[in-house]
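In what follows, chain A forms one complex with chain B and a second complex with chain C.
Take a look at the complex of A and B:
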């Protein structure tokens, strides 16, 4: 039955692709399209190679050349690659990570693409693709962050998913009274603490404030930032987080949740695969959106987005734009984000997703309940240097909350040095 | 200078020695034992926090199977071989010739030249990182096996020459003089008189260089990227996916990567130990 469904879905996708190809052929793309991709891990690599081959097949007169570069190496190579003899299309990341290349004029402005009606389906990430009032790329995949929790433990103590901060604190107190930690976390590599800050800050002060802070427009010593840390400290003072979390990586913090010593984990959706490997069933595991703190601000969500961009020096602009239309179409986004491909969420709101309760909840949350905006995660939204100093500060705060003044002063000094 | 042989010590000391030895050995080998243990665990053991315990299921076949059939490991192993063997041949050949020249001929600056070879060994290779990377980049050798081989040959030849020169010095010089009296050309003396005598040194050096180069991680990371050119030491990190580290596969991969030099050591143990002392004792 499952395979029949799959086949018919594939047929549908194929039909959709043929339909859009008929329209595209009218443009008569020709020449070469050079793509450099950083999708170097096995499954993403297969996806990218499939995309290039399919696009090549759709346009008989067009030759698609695909180069796949190691994902980590690409982070240092992209500037070189865009500078001399640039390709047409490259992979990168949304939001502030685009800033250096936009400022240097290396990414092409594709606001005209975003003005097309089809792009309204990508509205959830439009903000993340916008810098200086223009759009500079298109998203092809993202994944949600949120609280993954042990439903069986919640049921045992009669708890329900919290929707606001009071419920959250009450839940946590009940768990602690029963000897279960509320949250597991491993801050050895710092970034996990960044997720907590993203959520508490955006729930306390709103998306716009959070992004202004990320852009260096607000002082770290601002009272609103202090309010964020005060909220966070409520959890820390309760002992909500596992002990000695600064010695664990995110993976090494998983056993606490799998063994029932901690009830929940604020993490990206990639954690689900690991938790299932650890033996947790979908009956034991569930997901909820990070609860509201300040009722006056809308939900903003962390959803790191991977993107395609056109180099400003692209030789074949028409083909590059057509490729961007192609990868953002609902059919293609459905196909490449499926469980047998990337296993993440399509950005196109008209795309469909695999029958997986976490993907379904995440897709619904990001498409319908993230009115505040989509954050890209602490280390992508903040300037790279600010992020690294910042995350050290966040980790220190989680271990020694009394050092807050000291930490904020340090972050503020860094902000002034970097942004002024 | 040497400690008293254990056979000549008191019985109590012998017993405590025999009791302590296995304990020390296990402590000493603990990291390796852990890696071997990790390599036969299922992935779920890492999520459950069962790091040191008995594997919950025996997964050696599937782990090693995935290393060999579902990853780039075989390619990385071939790369290692294609990097190591040419380097061994190149470094040993060059240093044998350089050692012959420095050991046999008396010319001005002989000693100075020799000292330069030795001094090269004292340069910490980390400080060469940036210039060497730039050099290979501008020679279009970045991310190629050739680039890595050429660099390794250049860098290993210094040590090898020191080794060879001292070995040739220790050969009976009258042999070479006798050949000269017979009117044999110098290159034939090298080829037919000296080289056969150098066999133990050549073997020892080849084994030593093989393990050095095979185990090299630093230059592999600096000068190559991706499965086209990277040797196995650097390629193992491929088991780290974007989000998760596959400890079980990385451990299995490490064991596989460590086998060739270990096998080399046991097969050529005699030469290996000779190699460590040959150049040092004159």
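Take a look at the complex of A and C:
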């Protein structure tokens, strides 16, 4: 009930703010530009408001209207917002997450924008923005995933960053012998388990296999998928993960690492801010790339990309396109991804990276050591329904690894229904 | 006009009353009912029809609907060669658990009401304390109980630890989680039933109690043969609100487990929400089919309630 009310309110808001619009002036942008953003956390919100204000100041005849919607709520509200009387520009996510809106014709095809020479600096993310041979949006930020660990605990037990699976398992055994869990994780909202699957599967079978699985071309009961789960199970059987993780959210799992009960966390870079808030200093905290499992496959990395899109029903197409050019320009990219703003990685190759050890390591890893490819994340690469059934199965596997056959059978049933 | 009366009619000279005036008695009730009927149709009757219609399609909520006939129902219920949807059967059994166990609120509420139905200094304060859980939001109840159940820091495990019992993770264990949530739901529901019985106890006829006492009735016999029959209206209302409360268990589940672990605490309304309206839910048709089945389950109860009330009123006349 509650969420139905919220979505209909969003539709009302969306309808209200686009009530009037004027034709674009040939000599400059005029009229109104309506933006709905999901950057509702304090720091991103300030960034978005700054972007809108600056763009407004650049174009004196243009009125920029910004609506900020709660990030979680936006995941369901976007359907109503794009329906009748849509805004011009909206936030969303890359890869398969765009699929429902592309298929329904609600996102505008902006391949012409990507054909412009300035957009060559964004080439690394072009694949993630492409569906059916066309581009449907532009990225504005992304961030690396990897293992964030307690350097002081590793030093205490004489451990070093593992580079392959044997070292990883040996490290973990040492930690467990000393009463420290190797990894903290909170799987109550499921997606954190998806990160583990992404990494173990792509390290075991390679990027191409992982993406083929995401596209539904491989059976879940395939032996290669089983190998992934067998590798994962080594960690589970050791007791590498904290107990009762199915009860915690990812934030609730943080104290285990802050208190030193667990040594590491496989997470996105956004967790760093929370860890620093929790009292960990940069001397205690460090980062390493998820170790190699199968030496024959290249490293593939999770680096989810957040995006801007133009609604196909946009009233002010020219202004919307100009806004996307503005957001992706090297200068703006440097500014909005700085440590005092989003604290993430810029998508424009000509932008510079803020002096932050995690951002620098992450950028270096993604530029030089992710030859396999860039994954968006389990819930963005896989079909929405496959992702939700899949992540539930992954959570169950982490608690009851013996149920694997049953879980894989269920996933395979779902795959056949969705992709056939 | 062909036949003109010989004697001019006296009635024609009287001013003719308006059509509304002539039909006032018949029409006025309908006029008063009209706003309610319009709203009921727009917000209840028509959406029910639409749900039926959508449940016969495959639809992602955005694009075109595709007619699939009864395919959604076949998949849900496992007709034909499809297996029964396991998520559906889990949700259905959980709904039944809710319906049965939630009824415990009625005897518990009665017990507390009998206990509190006395005149002691400050009884109003105690009553309001017992009623308190019903006043706070279900979301808060859910949060409080999920902290109570926390595997390490939770009060429940502290108490169990005191008696030497091992720690249990109620909400993380697929066999226990549903019962844990129902227990949380019983807390406010018991308070609700208590207040219904307290008002009912006020209406108990003291003369009958006096007469029963003279005949030597006391204790359980007094309760069963004298008090309870007089509380029948309160029991009926408590039953109705408890059944409805059990079927509306959405918010507690959403707050406490979000349907997990691995979907073991879903009920039909939560499953419907997940399939059609949540972050990854793009199956409007399938969600509508679940809603239709839930509707028929509710319809069973509603029919029974209406029938019982009808019988009651007939008896009173």
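The definition used in the following text is that the second predicted complex is superposed on the first by the 391 of 420 C-alpha atoms of A that agree within 3 Å, B and C clash if a C-alpha of one lies under 4 Å from a C-alpha of the other, contacts with A are read in each partner's own complex, and residues count from 1 in each chain.
As a working rule, a residue touches a chain if its C-beta (ideal position, glycine included) is under 8 Å from a C-beta of that chain, and two chains touch if they have at least 3 such contacts.
Nothing here was measured: the structure is a model prediction, and the numbers come from that model.
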| item | value |
| --- | --- |
| Residues of chain A touched, compared between chain B and chain C (which is higher) | C |
| Partner chain in contact with A:270 - chain B first, chain C second, else both or neither | first |
| Which of chain B and chain C A:246 touches, first, second, both or neither | second |
| First, second, both or neither for A:70, with chain B first and chain C second | first |
| First, second, both or neither for A:385, with chain B first and chain C second | second |
| First (chain B), second (chain C), both or neither touched by A:393 | second |
| Touch list for chain C against partner chain A, complex | 60-63, 83, 86, 150-152, 169, 171-172, 250-251, 257-258, 260-263, 273-274, 277-283 |
| Chain A-touching residues of chain B, taken from the complex the two chains share | 43-44, 46-49, 225-226, 241-245 |
| Residues of chain A touching chain B in the complex | 40-41, 44, 69-71, 73, 249, 251-252, 254-256, 258-259, 268, 270, 273-275, 277-279 |
| Chain C-touching residues of chain A, taken from the complex the two chains share | 1-4, 7, 75-76, 79, 82-83, 100-101, 103-106, 188-190, 243-244, 246-247, 379, 384-385, 387-388, 392-393, 395-396, 399, 410, 413 |
